[in-house]
Amino acid sequence: MRDIVNFLFEVGILKKTPRSGYQFLGSGGESVAEHSFRAAVIAYLLAKNNPKADTQKVVLMSLFHDFHEARTGDHNYVNKRYVTVNEDKAVIDLTKKLPVGQEIVTLIDEFNSRETLEARLAQDADQLDFILELKRQQDLGNKSATEWLRYSVKRLITDFAKKLSDEIIKTDSSDWWFKKKEELWVNGPNKHK
Amino acid sequence: MRDIVNFLFEVGILKKTPRSGYQFLGSGGESVAEHSFRAAVIAYLLAKNNPKADTQKVVLMSLFHDFHEARTGDHNYVNKRYVTVNEDKAVIDLTKKLPVGQEIVTLIDEFNSRETLEARLAQDADQLDFILELKRQQDLGNKSATEWLRYSVKRLITDFAKKLSDEIIKTDSSDWWFKKKEELWVNGPNKHK
Amino acid sequence: MRDIVNFLFEVGILKKTPRSGYQFLGSGGESVAEHSFRAAVIAYLLAKNNPKADTQKVVLMSLFHDFHEARTGDHNYVNKRYVTVNEDKAVIDLTKKLPVGQEIVTLIDEFNSRETLEARLAQDADQLDFILELKRQQDLGNKSATEWLRYSVKRLITDFAKKLSDEIIKTDSSDWWFKKKEELWVNGPNKHK
Amino acid sequence: MRDIVNFLFEVGILKKTPRSGYQFLGSGGESVAEHSFRAAVIAYLLAKNNPKADTQKVVLMSLFHDFHEARTGDHNYVNKRYVTVNEDKAVIDLTKKLPVGQEIVTLIDEFNSRETLEARLAQDADQLDFILELKRQQDLGNKSATEWLRYSVKRLITDFAKKLSDEIIKTDSSDWWFKKKEELWVNGPNKHK
Amino acid sequence: MRDIVNFLFEVGILKKTPRSGYQFLGSGGESVAEHSFRAAVIAYLLAKNNPKADTQKVVLMSLFHDFHEARTGDHNYVNKRYVTVNEDKAVIDLTKKLPVGQEIVTLIDEFNSRETLEARLAQDADQLDFILELKRQQDLGNKSATEWLRYSVKRLITDFAKKLSDEIIKTDSSDWWFKKKEELWVNGPNKHK
Amino acid sequence: MRDIVNFLFEVGILKKTPRSGYQFLGSGGESVAEHSFRAAVIAYLLAKNNPKADTQKVVLMSLFHDFHEARTGDHNYVNKRYVTVNEDKAVIDLTKKLPVGQEIVTLIDEFNSRETLEARLAQDADQLDFILELKRQQDLGNKSATEWLRYSVKRLITDFAKKLSDEIIKTDSSDWWFKKKEELWVNGPNKHK
């Protein structure tokens, strides 16, 4: 019981761990927990789109893929050139006393291997969450985001993720709530009654 | 495709939506996305602990349970006394054009009904994430957190969650990394080589 | 006495309540208290400009118009489509034990009715404060602010407020301190002595 | 018209001007605008409590009393030992082109003179807002706030403000919403229906 | 000993003192400590580039040049038109009990006199740090930064600093890590092995 | 010239790099630049106290000791158990095109070797800055800071630093400005005139 509680406090540090890429991008920002949340939602959609994929595995991989960062911190592409992260040891130390520790380790290993369909979908979910953030910052005026986007999309593996990415680039990040609602934004919803 | 992209930008607003209870607590703070992330991790553990539970359902319910807040905002217990939130309409509007929209709606409805085993576990995951945050703030010196904890634990439904909660109250939120490592904190890991 | 103190702590939560529209705008940000402060200053100017207006009423209405948000939270235009806020109950609960409670309730009711000259001026003060913020964000590079401005100005009621709004759109938000002062910005004020 | 707009953008900088005392206190924090907002609300209550006081004057004085800080910045008690602030020049420069500029200057001068009943009430409103913040920080565990409180209350001038201050010290800053509501905090308001 | 400790806690307040110019610029931000850090690094480079300069003096002047702001706060160009800062008294009060107090005072006096080579280099280091920040904000989309840059470069004194400034204006603030590394940003450093 | 500019933008990223220990401590926070600033000031005092020490070397070592973190990120004691940081490569890459690159590398190597008097003083300056922050957080109510302090002081090398540390533990972090000034805090400095 104590081991589960310790594990949950540890996972909580991911809420306080900033994704370090945004220091370099110069605008935006999120925690590792925020990133993992939407990555898991994207993973669900990617898995549902592919009848061969095991949805539960893709979602759990996405939810767990950055667990090691509670102990290692988050490293951006610049950092990675100078830092060797022992992700395996971090994952083992954080899971070894858990009843489900072995399952978590296995899922993370599969994610990192990129060999199964599920791993590829979870890898793409990881990238797509970042691409959505970059598009948001581009829409808000950050010109560096445009260049970052160019590289990020090349990291995508599956066709469906690439098509989604093309659509993200073409979509204004405010469209979901702002588009074509003049009457509403002027007068508010009450006037519709 | 465009509908999926709009949905994902919408889910992204949960990264920017602060949980409003912390204004009243006076310390701490997190986004709805951060809360949903750990709630989903807790959900996984609760489901794995119960052989009768469908893990995938519990995890997805936890991941999705606050989706409506992208459109409605987050409401704490004070707010709820004065605000009627049309969660159903928010959930339908945000999912209706998605290929998997109906599944998401069904899962959220089940969560809110609190009738199935899976719904109860996801409800407890939601509370346990909050209890962990309150314990953290209590450890950091916020005395109000102690009183909030007293109420929060009473909202728990399942026995295992109640036991976990008892253990959370007894565990220092720093134990997972700080305990009994004098040599390490003084000299660093390099000296162990 | 205790009732006044409780009321004042309650009003203080408005300093900690973020205006939720900025999550969607993507830049900028302010508390409800900050908004109410400048709205009250604008209200003073609008009232002084109109010999028929009761200045005290317009200022107090502006100062008080978001009091209910201490209990309900702040709701943007997206939120309002899904949330029904019982402002009346919130206002009554927060004022009922105050010696001046009835006057506050009456002023807020008048504000919401939009029927008197004073109410219209206070409504415009509320919008003008937002228009000034949007212009500031537009000047800082947020393109969404341009579209928001287009809708916000249509909510204005009185002619003088509309003219002020036209002037706001044409004025650089830095002009008040930056314009034509080359010698000063290069050498500082000491060189003028 | 342009002069009014410039003035309003200038007043807006008070939303971005942090009150510098909190750097020294070590917790809490607010903008000058947030402080002025509640000071004006307190001013209203103090004036209403005193039949001889001109409510409008007390409220406006409180609303305007820190206008000069848009140009001078905010100075805490440590700063004031080393800094001479030409408040008069700042106030004149920011109001001189306004139609109501002279009235604003006169009100601020009266506030600073501390000679009239209205000025004394507005001075006390200024202090009481700070005392409420200090009490809040004390409740949240900041021990320095206790000492600061000891000095702040001695700056109060009127009897009613002193009595209010005594009551503030005795009141928990969470009482207004938290007290004696066990059923509610456990089950939420929906269960009351 | 106690005097040194008090001095060090005092210097620590510079970590919590925001540079007030950024309120007006509308984006970016830094503490006085952050500014002083890079100013000292720049000072080192400027001194090393000039064989006649005493490196230690230039570096220490830069490190110490804003010490008084722990007591006075930071004042931008607008503030300075209305505020007279007794920097000398602040510096004396903060150093008078230190064994090296006189040396610190002498260095700061020399910095302010702008008469020696070392003072001029330290003055330029102070400006160059600001010019680098303005260029960063310009690259991120803040148009006001362009105008500020125009004035800031005119404050530079030495030829080498002016040439550096010209180069800063022409350099993208992301070049140091982002330029021409397509393979790396797409695949990460691991693929190079 | 371009190489110097790139280097300076790179050093600027240290203003945006949070020291990661504070995520675990749960309160407080600072950038690497803020830490390096006061470490360099402490280094100056430690060197001046020791007639055998080369002041310039100790100050520059402290100023430069975390340069590598611009490329590697900041790693706390938990991180270091799982991460191998190639500091040497980071330092070489960031300095190799600088005219003074070799001197910087040599100073950082000496710092890391801990073999010379100057290196030991700079190492102690690094720790003492952290000890001052921990004491501040302890004074503000964070109980974990007490335990962290216990370990941090054991990392000190020189006698004078150990004595300073003893004095830090006994000194209230507010004493430098708050002590015994009742008249001043009540009435402000103007009343003294």
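Lettered A, B, C, D, E and F in written order, each chain numbered from 1.
Just so it is clear, a contact is a pair of C-beta atoms (placed from the backbone, for glycine too) under 8 Å apart; a residue touches a chain by one contact, two chains touch by 3 or more.
Just so we're clear, the structure is a prediction, and the values are computed from it rather than from any experiment.
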*Between chain C and chain E, which partner chains are common?*
A, D
*Farthest from chain E in C-alpha centre terms, which chain would that be?*
B
*Could you label the chain A-chain C interface same or different, taking same to mean over half of its residue numbers are used by both chains?*
different
_Can you compute the centre-to-centre distance for chain D and chain E, using the mean CA position of each chain? Integer Å is fine._
34
*What whole-Å value do you get for the distance between chain A and chain E if each is reduced to the mean of its CA atoms?*
37
*Indicate the whole-number Å distance between the mean C-alpha point of chain C and the mean C-alpha point of chain D.*
18
*Residue numbers of chain E (touch at least two other chains)*: 24, 71, 78, 81, 136, 141, 173-174, 177
*Examine which chains touch each other and state the graph shape they make (line, ring, star, complete, other).*
other
*Identify every two-chain combination in which the chains touch.*
A-B, A-C, A-E, A-F, B-C, B-D, B-F, C-D, C-E, D-E, D-F, E-F
*In the complex, go through chain E and note every residue touching chain D.*
13, 16-18, 20, 23-24, 68, 71-76, 78-79, 81-87, 89-90, 93
*Show which residues of chain A lie in contact with chain E when the two form their complex.*
24, 26-27, 77-78, 80-81, 141-144, 147-148, 151, 154-155
*asked:* Under the definition above, what is the set of chain A residues touching chain C in their complex?
replied: 136, 139-141, 173-174, 177-178, 182, 184-190
*What does chain D use to touch chain C in their complex?*
1-2, 4-12, 14-15, 30-31, 33-34, 36-38, 40-42, 44-45, 48-49, 55-56, 59-60, 63-64, 71, 98-100, 103, 128, 132-133, 136, 163-164, 167-168, 171, 173-177
